[in-house]
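What follows is a set of structures for review.
Both complexes shown next keep subunit A, but they swap its partner, so subunit B is in the first and subunit C is in the second.
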Partner chain A sequence: MDYYLQQLVNGICLGGMYALMSVGYSLVYSIMNFSNFAHGGVIMVGAYVGFFALTALKVPFWIAFLLCGLGSGLLAIIIERLVYSPLRKRHAPSLYFIISAMGASIFLENFVIATIDGTPRNYPTLFSNNITIGSVSLGLDSLLMIIVSAVSLLVLIFIIQKTKIGLAIRACSYNEKAGTLMGINASMVIFTVFLMGGVLAGFAGMLYGMRFIVKPTIGQVTNKSFVAAVFGGLGSLPGAILGSLLLGIMEIFVASINSNLRDLFVYALLILVLIFKPSGLMGKVVEDKA
Partner chain B sequence: MRKAGKKLLAVVLSLIMVIGLLSACGGNSGGNSGGNSGGEKIKLGWMGSLTGEQAAYGICESQTLKMLVEEMNAAGGILGKQIELIPYDTKGDAQEAINVAKRLCAQDKVCAIIGPNASGQCIAIQSVLDEYKVPDLSTVATNEKVTVQDGKLKEYNFRICFLDPQQGKIAGSFVKDELKFDKAAILYDVNDDYAKGLKDNFIKVFTDKGGTIVSEQAYNGGDTDFTAQLTKIKEANPQIIFTPIFYQDFINIHKQARTLGITLPMLGGDGCASQVLFDAADAVDGSYVINHVSLVDPAGDSFRQRYAEKYNGAKMELNGYMAHDAFQLWVAAVNKAGKAEPDAIAKAYCEVEVTGMAGRIKISPEDHNPVGKSGCVEQIDGKNKTYKFITYIAAD
Partner chain C sequence: MSWYYIEGILIQSCYTLLIVLGLSILTGYTGMFSFGHAGFVCIGAYVSVICTMALGLPFWLALLIAGLTSMALGTALGKITLGLKGDYFCIATLGVGEAIRLIFNNLNISINVGGTPFVLDGAKGIASIPLKTTFPVALVIVVVFLTATALLMNSKHGRNMLAVREDELAAQMSGINTFRSKMLAMSMSCLFAGIAGGMMAHYFGYLQPKMFLMTKSTEYTIMVIFGGMGSITGSVLGTVLLCALPELLRAVGDWRLVFYGLAVIIIMIVRPKGLMGGKELRLGVLFRKIAGLFSGKNNPPPDQKPPAPEEVSA
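Presenting the complex of A and B:
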């Protein structure tokens, strides 16, 4: 019993991290109807910001954490302004956005390799203690990750549900044209969406780096959080969170049976969802999942 | 105004791209500066990972060789000629290793190659070596197939390190005979030949001696989350976890094991021994690694000191010792052959004998492997960020 409880906790930890990452995919998708693959690159840069803040600037954890959010948020906005904004003005099809996003992601990866280097780096140990309840163990870093994920996601949901800009975001996600006609500044909405997605990406990057490793190819690791977003229903925030948690838990249980099936399971799930329920668990009505 | 802003932006962006390109080129050609200076120099090639997951190893190898070449050139060179080292990055990729080997043989026309620092890449470059008849002397490639495949000797592949079967044997003997443990678990990368070779031989020796493998868990290279497998291992209640993998995963696995409340020691192969381990000193404290040479042996003091002085206090990796020994063997072979020609050097590799940092090296003409090597087991002392020498175990 304790064994399964421990695996469940492992799954929630993994899912919590997927949630922080997948929300960024869903946010952008809900407004702009395309999968922002540059998100992985933004997460990676966040991980590097945190690493250098801790090792080179030697700032305390919380400041490094905020710097990560700030750095990645800024980067996400810059990408939006430089890469997507010109496409948006030309009313380019979403395929163009996806290809540009992939380009931006590869650019970021190689930019880091060229300017920093490709060597993987390890965060200094910040929280080495762990909490034991019964025979279930949970590292302080994992606990922190779950708390941070939960708090940031709650704040995000609060912003979207209860504030004026949140109302504008929701309106634009239903119908951008109608929203614009009602006097909503669509540029402002998109700016906010990228900022929020970027800040979360920075947090996720730092948590990822603390738990695992920092390297230029982290962006590719975030593919699974994209699968989680599709599974939960691209464009839906609660869907992204639910999809991430479920994916994390299922992945851990599959891995505990046979670790070779782990990725097979995740990507088979992606294909099955796209075939049988393209709108995912809680997604909007069927559209192009591109 | 807007237009001017856009132009400025375009200029800035193109500048960034140019800088990116320049720095990328700089990295590649850094070691090649001063090339094409005629046939006066003896050209020695090196290849290995200067970027990627195993970069710490490759960087140390190339820096060590650079230092040794400079020292030798300052002392008059070899056969009265100066040595030119041509190092290339393989990015830890087998395909890239083939490209690099071709460039070294066809374009740079080196007389011999040292490296690369992983078995997969060494196996990949065999056809290039055979085509151009240039010998390669590998530092730490421990897979059996590096020198002999399907019972056939590879004419131009040599190595100075012990092999995976021997390393698996060292690991098995150490756990059963030295630590007196009966129950071991294994966690390894199922996509890696090196890990599989070590694992199989460890199981064979350990179970032959009466030990039990209580849990055998695998992961796919590139995976970063090991909590599912570690939780299973915890359930099986072993006394030690054998992890025949590379140092980066070794660190990750330790970090996650400690958060799961697993305090067991782990035993890694030569792919784990790295100074990078001390980045996670708390987590890896108390675990063991098998190595080709003791990293704290006083005999290496002067060598480590010279290296640290030259490279801003950089710590010597295992690969530095092996590169040192490979270089020594190459020098002996060139002297023996009396000329810096690929075929003569290949022949001389099996005729000379040197005593390097990792003991005596004599290459057997039958399988191009060194004879009579032994492995050393060291324990990680996380508090003092150093290794503690435990024992030597004969590899044969």
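Presenting the complex of A and C:
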């Protein structure tokens, strides 16, 4: 029993991190209707910002953490302004957005390889003590992961549900054109969405770096957050969070049986979801292309 | 530069061209985006090697079986995802591409075929595959498929695909079965990828799952975009250029892919139609232009308006 409880906590840790990644992706998808494949690059840059803040600048942990969010948020906005904005002005089809996103992701990954290098690096050990609650032993870093994910997701939900800009985002996700006619500044909405997604991506990058390692290809972990977003319902924010948590927990349990199968399990789940319930756990009903 | 070296680049260009032609049908003509094409190449490569080494089938039959296996898988995937609205197809190809690689990463087969052992050892892959892909063989296969693609694209089906890419709703309204067009594009493109995979395996002489990472898939797509979406000659040009360039510019090393990424973004913003701009390089037009230059008159012939796909503005 204790063993399963322990695995459950580990799963929630991982799932929380996936959730931080997949909400950024889901937000952009719900407004602009394309898969932002550059999101992985933003996460990777966040992890590097954190790494250099901790090792080169030697700032305290929480400042490094804020720097991560800031750096990634800034990067996400820059990508939006330089790459997507020209396409948006031209009303280009979403295929072009996806291709540009892919270009941006290749650029970021290889730019880091070319300028820094491709070797994996380890974060300095920040927290080594464990807390034991009941029978579950919890590393401070894992506890931090859960807290950070939970707090940032709650703040995000608060912004979306209770503030004026959140209302604008929700309106645009239903119908961007109608929203603009009601006086919503669509460009402002898109700016906010990329900023929020980027900041969360930065946090996720730092958490990932602390837990695992930093290397230029860690952006590919977002593949799993795309799967989580589909699992929860493409374009739905609560769906993305729920899907991520469940995916994280299931992945940990599969890994505890056979660690070679964990990645395979994630993609197999994707195929099963697409066959049996393509709208995901909480997605809107998927209509035929029209 | 020895002939051996040049031949190597040419063979690589040939099978890459086959993959890119398939992707050109899928992305360039039909407007669908595959993130996992390397997975279909992977299936083709492994199936063909199992056919030749474990079952002792002739090379051409192995290639055919490889192509058909990959095509069957692609068709099944298309059947599941192509009816859905949104980026499901895109994410599904990403998942399937990675899943195929991971399956071969965990697969272990070790059998004895007529005295010689055949070992497929997970991440270590397969070694000492017979080298059957020579330049003449590769060239013949590519020319055959190039012709087939050109015929397909100039047929009714090709026009339907273009219509789907430009505006799916409008295409549907004009009575085109868009689902069928998309399915055709997907299965064709997977057939090409599977056969190319078989050629690749029998050229390198060894196989490892890490040869089929997701970055490979994106590299193939870049070749299509670079050459120009919706142009076969553009794909040929894009492939040959991007296959030969890294060999010529070995010194640039790590920066090559940085430039690729940048180039893709700039192409999408400045010239989304790519190098050839959706036009075909036709010999007849070329001759007339040269003739026009010599006769001193610079008026273009009136009938050279190939289907230049215009980008839709909503």
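Convention: the second predicted complex is superposed on the first by the 284 of 290 C-alpha atoms of A that agree within 3 Å, B and C clash if a C-alpha of one lies under 4 Å from a C-alpha of the other, contacts with A are read in each partner's own complex, and residues count from 1 in each chain.
Going forward, contacts are C-beta pairs under 8 Å (C-beta built on N, C-alpha and C of every residue); 3 or more make two chains touch, one makes a residue touch a chain.
Model, not experiment: these values are computed from the prediction.
Engineer: Of the two partner chains, subunit B (first) and subunit C (second), which one does A:226 touch, if any: first, second, both, or neither?
Structural biologist: second
Engineer: Who does A:96 touch here: subunit B (first), subunit C (second), both, or neither?
Structural biologist: After superposition on chain A, A:96 lies in contact with subunit C alone.
Engineer: By the touch definition at the top of the document, which applies to A:14: first (subunit B), second (subunit C), both, or neither?
Structural biologist: In the superposed model, A:14 contacts subunit B only, not subunit C.
Engineer: Report for A:274: first if it touches subunit B alone, second if subunit C alone, otherwise both or neither.
Structural biologist: second
Engineer: Residues of subunit A touched: more by subunit B or subunit C?
Structural biologist: C
Engineer: I'd like to know which partner A:106 touches here: subunit B for first, subunit C for second, both or neither.
Structural biologist: A:106 sits against subunit C, while subunit B stays out of touch.
Engineer: With both complexes overlaid on chain A, does A:130 touch subunit B (first), subunit C (second), both or neither?
Structural biologist: first
Engineer: Per the contact definition in the header, classify A:63: touching subunit B only (first), subunit C only (second), both, or neither.
Structural biologist: neither
Engineer: Answer with first, second, both or neither: which of subunit B and subunit C does A:263 touch in the superposed model?
Structural biologist: Both partners, subunit B and subunit C.
Engineer: Quick check for you: in the superposed arrangement, does A:35 touch first (subunit B), second (subunit C), both or neither?
Structural biologist: second
Engineer: Using the superposition described at the top, list the residues of subunit A that contact subunit B and also contact subunit C.
Structural biologist: On subunit A, the overlap between the subunit B and subunit C contacts is residues 82, 110-111, 113-114, 260, 263.
Engineer: Going by the contact rule at the top, pick out the subunit B residues touching subunit A in the complex.
Structural biologist: These residues of subunit B touch subunit A: 9, 13, 16, 20-21, 23-24, 27, 51-53, 55-56, 91, 190, 217-220, 223-225, 227-229, 231-232, 234-235, 248, 251-252, 255-256, 258-261, 276, 279-283.
Engineer: Please output the residues of subunit A touching subunit B within their complex, sorted ascending.
Structural biologist: 3, 6-7, 10, 13-14, 82, 110-111, 113-115, 117-122, 124-125, 128, 130, 132, 137-142, 211-213, 215, 221, 251-253, 255-256, 259-260, 262-263
Engineer: For the complex, which residues does subunit C have touching subunit A?
Structural biologist: Listed in rising order, the residues are 27, 31-33, 35, 80-81, 83-88, 90-92, 94-96, 98-99, 102-103, 105-106, 165, 168-169, 172, 178, 214-215, 218, 221-222, 225, 254-258, 260-265, 268-269, 272, 311-314.
Engineer: Mind pulling up the subunit A residues that touch subunit C in the complex?
Structural biologist: These residues of subunit A touch subunit C: 29, 33-35, 37, 82-83, 86-87, 90-96, 98-100, 102-111, 113-114, 220, 223, 226-227, 230, 234-235, 260-261, 263-264, 266-268, 270-271, 274-275, 278, 286-290.
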